[in-house]
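Input: structures, listed below.
In the two complexes that follow, subunit A is the common piece, with subunit B as its partner first and subunit C second.
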Partner chain A sequence: MQNKKSKIFHSDPRTKLYILLICALVISFSTSIYYECGLVMLILCFGVLNKKMRYSFGMAMLYVLLVSVSIMGALYLSGTPRLMLSAFTDFIGKMFPCIMAGGILVGTTQVSEFMAAMNCMKMPKNIVIPMTVMIRYIPMIREDWGYIKDSIKMRDVAPSLSGVLVHPGRTIECVYVPLVISASKVADELSAAAVTRGIETDKKRTCLEEIHFNFFDAVCAIVFTMYLLGTILA
Partner chain B sequence: MSGISQKNNKGMTIKDMVTTGIFAALCFVLIMLGGAVFGVNPVLTFAVPIGSALLAGPVFLLLIAKVPKNGPLIITGIVTGAILFATGMHWTTDIGYILMGIVANYIAAAGGFKKIRLNIIAYMVFSLAGVGPYATFFLARDTFMSYMIKKGTEQDYLDTMTNTGQMWMLPAIIIGTLLVAFISGLIGKWLLNKQFEKAGITV
Partner chain C sequence: MISIKNVTFQYAGKQTGGVYNINIEIARGECVLFCGRSGCGKTTITRLVNGLIPYFYEGELTGEVHVDGMNISETPMHLIAEKVGSVFQNPRSQFFNTDTESEIAFGIENMSWSKSKMKRRIEETTKELRMEKLRKRGIMELSGGEKQKVAFASIYAMSPEVFVLDEPSSNLDVDAIGDLKNTLSFLKNENKTILISEHRLYYLKDIVDRIVYVEDGEVKNIYQKKDFLDIPVWQCAGMGLRAFDLNQVQPDGITPKKNLPLLEMKNFSVSYKKKRILEQVSLSAEYGEIIGIVGQNGAGKSTFSRALCGLHKNHDGECFWNGKRMNDRQRLKLCYMVMQNVSYQLFAESVDKECSFGIKEPDTYLVSKTLTELGLYEYKDKHPNTLSGGQKQRLAVAVSMICKKEILIFDEPTSGLDYDSMIQVSHLLKKLAQMNKIIYVVTHDYEFLASACNRVLHFKDGRLADDYSVDSEHFQKLQKMFIKE
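The block that comes next holds the complex of A and B.
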């Protein structure tokens, strides 16, 4: 159990969702890269306060790298390569703040906490359960894919474009079948686990992890909202 | 497994919801993967919906086969739209996935979720969701341009997009997307028949 002190900077999942929404809105309204840099700085602070030190700094460094690459490209390249590069950095740069905030959300939120938050927001079960499962499962797909790739290689099928061109049928089978079968196994196991824990009851869900807003949540929400307003008005 | 979940929630059991979540995650990743290959290049950017349609077909069809009820496709649409919004996509894509999820659901429902042809058509319709931004690009070019410039997209990128994007491109994108989605659906049908039904996954 965490003690009272370490809880001061533990923000509510709803706050994190709100911040994610604000990030998406800031990106929609931002008129220049400066706003995005500022946003990444804010998210960095938020991540550090949520004790995601390494992840936040790593992502921030990556963003700095991305921005410097795009500046270098604008300075030294011209014509088509420049366009390609700027399109690439632009594309990634637009998605970056949201991905970073999303990573912090997923990395710092327990599944039970997330479900409790969704229940507090009175979301219907039909959305809450698939959403929760999805957020947990997306990182697992990458892990699965690594194993599948290894086994495919052992059977002398290349999991690449050339493989698809040379042996279309076999490659497609070797990629999809394990991916889908493992997915449906996981679905069976997860639903059995969830039913065992009494997800089906009509009673109100309780949670060991109590979620409630605190002072830190309010500060975060206000800071991010101010930032959004600033971006819109500028 | 059928004995575990008796309680129905609008016809969907817990197992259905978990299955929907997992397959929606797979669909989402495959859609992103197919689209990302083209999205970074202004000339190829029009091919994004086509690329997105390429990979997810088998997973989509299997989801229908596993949970042949009203709901999973709508949920897939909503969840995909929500996550795409959170990653900063053009807003028509997000609305598109939600709408197309609903439409696809009713197309598949017309065949009782059992008619593979209707299911493939449902997938083709669902794939059209990615066309949204391009439709606004062609039909309301000025609005789109000012929106994208406000978003900070580089002028050069948009110029190249304008030069590549002649008026005949819109029907071409739509037809291309439908065609690729159809092929993807056929692959899905073939996999379903050959592998998944034998393995007893499609219950």
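The block that comes next holds the complex of A and C.
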């Protein structure tokens, strides 16, 4: 964020939150899958401009896969399997845009920026602090996952596709139990580190990297708002 | 500066870790060390001073704690934070930002300083703590020791009068401990008051003024440094304390009988993301060996052990077991790694079920025999996460024995352990060696190396720099590496 050029496409955390909100609204108003596809395309552009190339394209590919599975299901399956598959794909499909936008929010936002944004929005501290700890914890899940994957492999309960299909319960147990244990410990330690550095202050928190809206924010906000309006009016 | 008067504290819903009737006065500029066995309450005392008790940890508190005129239980947390800075055990979980600049600013941002004032302060801080080269870096890429330096800087920037450190050396290598020592001497010269709760004592020898020995939640004794230095080694061990002077530590590993080499590695090279981190390692190991793997953080110790286990695929070279070539999959069947954070590898809802987890036809006789051997049988119906750290470790070992693993790799098994627990781990390893296992231990713990290992692999600059047995003849090498005077 040192040079001017990269700053042009650095959006304010508030814009990202606004986009997240719009995504949720579009999903609840959308009447067909086309609107959702369009939304994912929009988020893809937003992610790419925010320099989250790999993540954005990866997620977009995943979405394409999901949609194709649901179309194939509709074409070739019938009866209960078709119902089950479409329930599954529709459910994931509905959440997908928000998850994708949320990932971009977490991946591109510095904690201090996020807190500054929350300050500007006059959010109460007891909402800001847990959210901060949460945002900080998300990248650590990947690290935890690495360790858990290793230990599962050593126990010969490999996290392979066939393993998941044959023993879904056990696989969930293997990942979920250590993750929760680690999460509760890390959240505790992070919070302790935060409060002993005065995060609960009643003064206005300042920020080394100041945040402000720029032209790019305005464009993003307008584009996404237009899309929402389009969805509602249609 | 600090006065703790008649303080008794009991954690809500927990039997252990409480403290009783604590009375201590600490003067400005003093450095006080709190030591004692795990769970004796030394960490609790530091929490009384930095305000985490009563704000963060709930429980029953009586008595009064005053720091620089503030009554801790009546002062809001953010005001305490301006006077008392805290550094914790785990460098991984005490930073919030992804770049060092913002992280150093975290505390002073909370103090609502202006941007220009903050910039100046960051400049000063990094200069005084001699960490200019850590500026404008991503925190994720830093080593544990560097992360901790950043945590120190973030607190130092707030210029508190009191520094409270909770086991700061637990996750550091030898060099990082040296840096930590320098930082502490610097703070002491600045006339800051320092409170440290710690297991590793040797690096504090030149810094501390008084030593508070805590036992079962009570202050048993307060020593001046010169009196403490007079306590003989055997008595320290009896108090559950690590050595204050590493020169007095002697090797204690059993030299194994010569057997035929069982595990052979030939021209083993390990890479990480296209970067070669270990070049051409060739070695052989036999039954009953306890092999310590030492070297700086980032020397490739963990990646080597993951590659040995068959978990890290990015490597060249060959591995033989009993003369037969083995690929990654086959090694994975033979090896088991006991991780530093054992919680990652325990999944089931009881100790008993953990032992047969994922096994199609569990051998119940073997399970109970193994649990008895490791002193876990009486806990067989308990949930693994209610066990203590050492018990969890033993449970992981039990699992490996039931899965019939032949090569065991321990990753930092003694970080943050007191003397007693360290010796227990050492006994456990020796027992496993007698059962004809091959054991590797990645460790930074000199006392543990001396007590348990009979061979040492030293990784340095991307290769196996040295490979020697721990006996009276070669012990100097180990000493030279760890004791730098």
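By definition in this document, the second predicted complex is superposed on the first by the 176 of 234 C-alpha atoms of A that agree within 3 Å, B and C clash if a C-alpha of one lies under 4 Å from a C-alpha of the other, contacts with A are read in each partner's own complex, and residues count from 1 in each chain.
Just so we're on the same page, a residue touches a chain if its C-beta (ideal position, glycine included) is under 8 Å from a C-beta of that chain, and two chains touch if they have at least 3 such contacts.
Model, not experiment: these values are computed from the prediction.
J.: Once the structures are superposed on A, label A:I141 by its partner contacts, choosing first (subunit B), second (subunit C), both or neither.
T.: A:I141: touches subunit B, not subunit C.
J.: Is A:C98 touching anything from subunit B or subunit C once the two structures are fitted on A? First, second, both or neither.
T.: first
J.: Classify the contacts of A:P130 with the two partner chains as first (subunit B alone), second (subunit C alone), both, or neither.
T.: A:P130 sits against subunit B, while subunit C stays out of touch.
J.: Name the contact category of A:K153: first (subunit B only), second (subunit C only), both, or neither.
T.: second
J.: Scan A:V177 for contacts with subunit B and subunit C and give back first, second, both or neither.
T.: both
J.: With the two complexes superposed on chain A, say which partner A:V186 touches: subunit B (first), subunit C (second), both, or neither.
T.: So A:V186 meets both subunit B and subunit C here.
J.: Output check: A:A24 vs subunit B and subunit C. Expected answer is one of first, second, both, neither. What do you get?
T.: The first partner, subunit B, only.
J.: Could you look at A:M226 and tell me whether it touches subunit B, subunit C, both or neither (first, second, both, neither)?
T.: A:M226: touches no partner chain.
J.: Taking the superposition as given, does A:V111 touch the first partner, subunit B, the second, subunit C, both, or neither?
T.: A:V111 sits against subunit C, while subunit B stays out of touch.
J.: Which residues form the common part of the subunit A surface touched by subunit B and by subunit C?
T.: Dual-contact residues (subunit A): 132, 173, 177, 181, 186, 190-192, 194-195, 199-200.
J.: Inside the complex, what are the residues of subunit A that reach subunit C?
T.: Touch residues, subunit A against subunit C: 110-112, 115, 132, 136, 139-140, 144, 147-148, 150-151, 153-157, 170, 173-174, 177-178, 181-182, 185-186, 189-210.
J.: Any idea which subunit C residues touch subunit A in the complex?
T.: 50-52, 55-56, 76-78, 80-82, 84-86, 88, 90, 92-99, 101-102, 105-107, 109-115, 118-119, 122, 140, 151, 154-155, 158, 306, 309, 311, 332-333, 335-337, 339, 341, 343-348, 357-358, 385, 399, 403
J.: Any idea which subunit A residues touch subunit B in the complex?
T.: Against subunit B, the touching part of subunit A is residues 20-21, 23-24, 27-33, 36, 82-84, 86-88, 90-92, 94-95, 97-99, 102, 125-127, 129-134, 137-138, 141, 172-173, 176-177, 179-181, 183-184, 186-188, 190-192, 194-195, 199-200.
J.: Where on subunit B is subunit A touching in the complex?
T.: It comes out as residues 1, 4-5, 7, 9-10, 12, 14-15, 17-26, 28-29, 39-42, 58-59, 62, 66, 71, 75-76, 78-79, 82-83, 85-88, 91, 150-154, 156-157, 160, 187, 191, 194-196, 199, 201.
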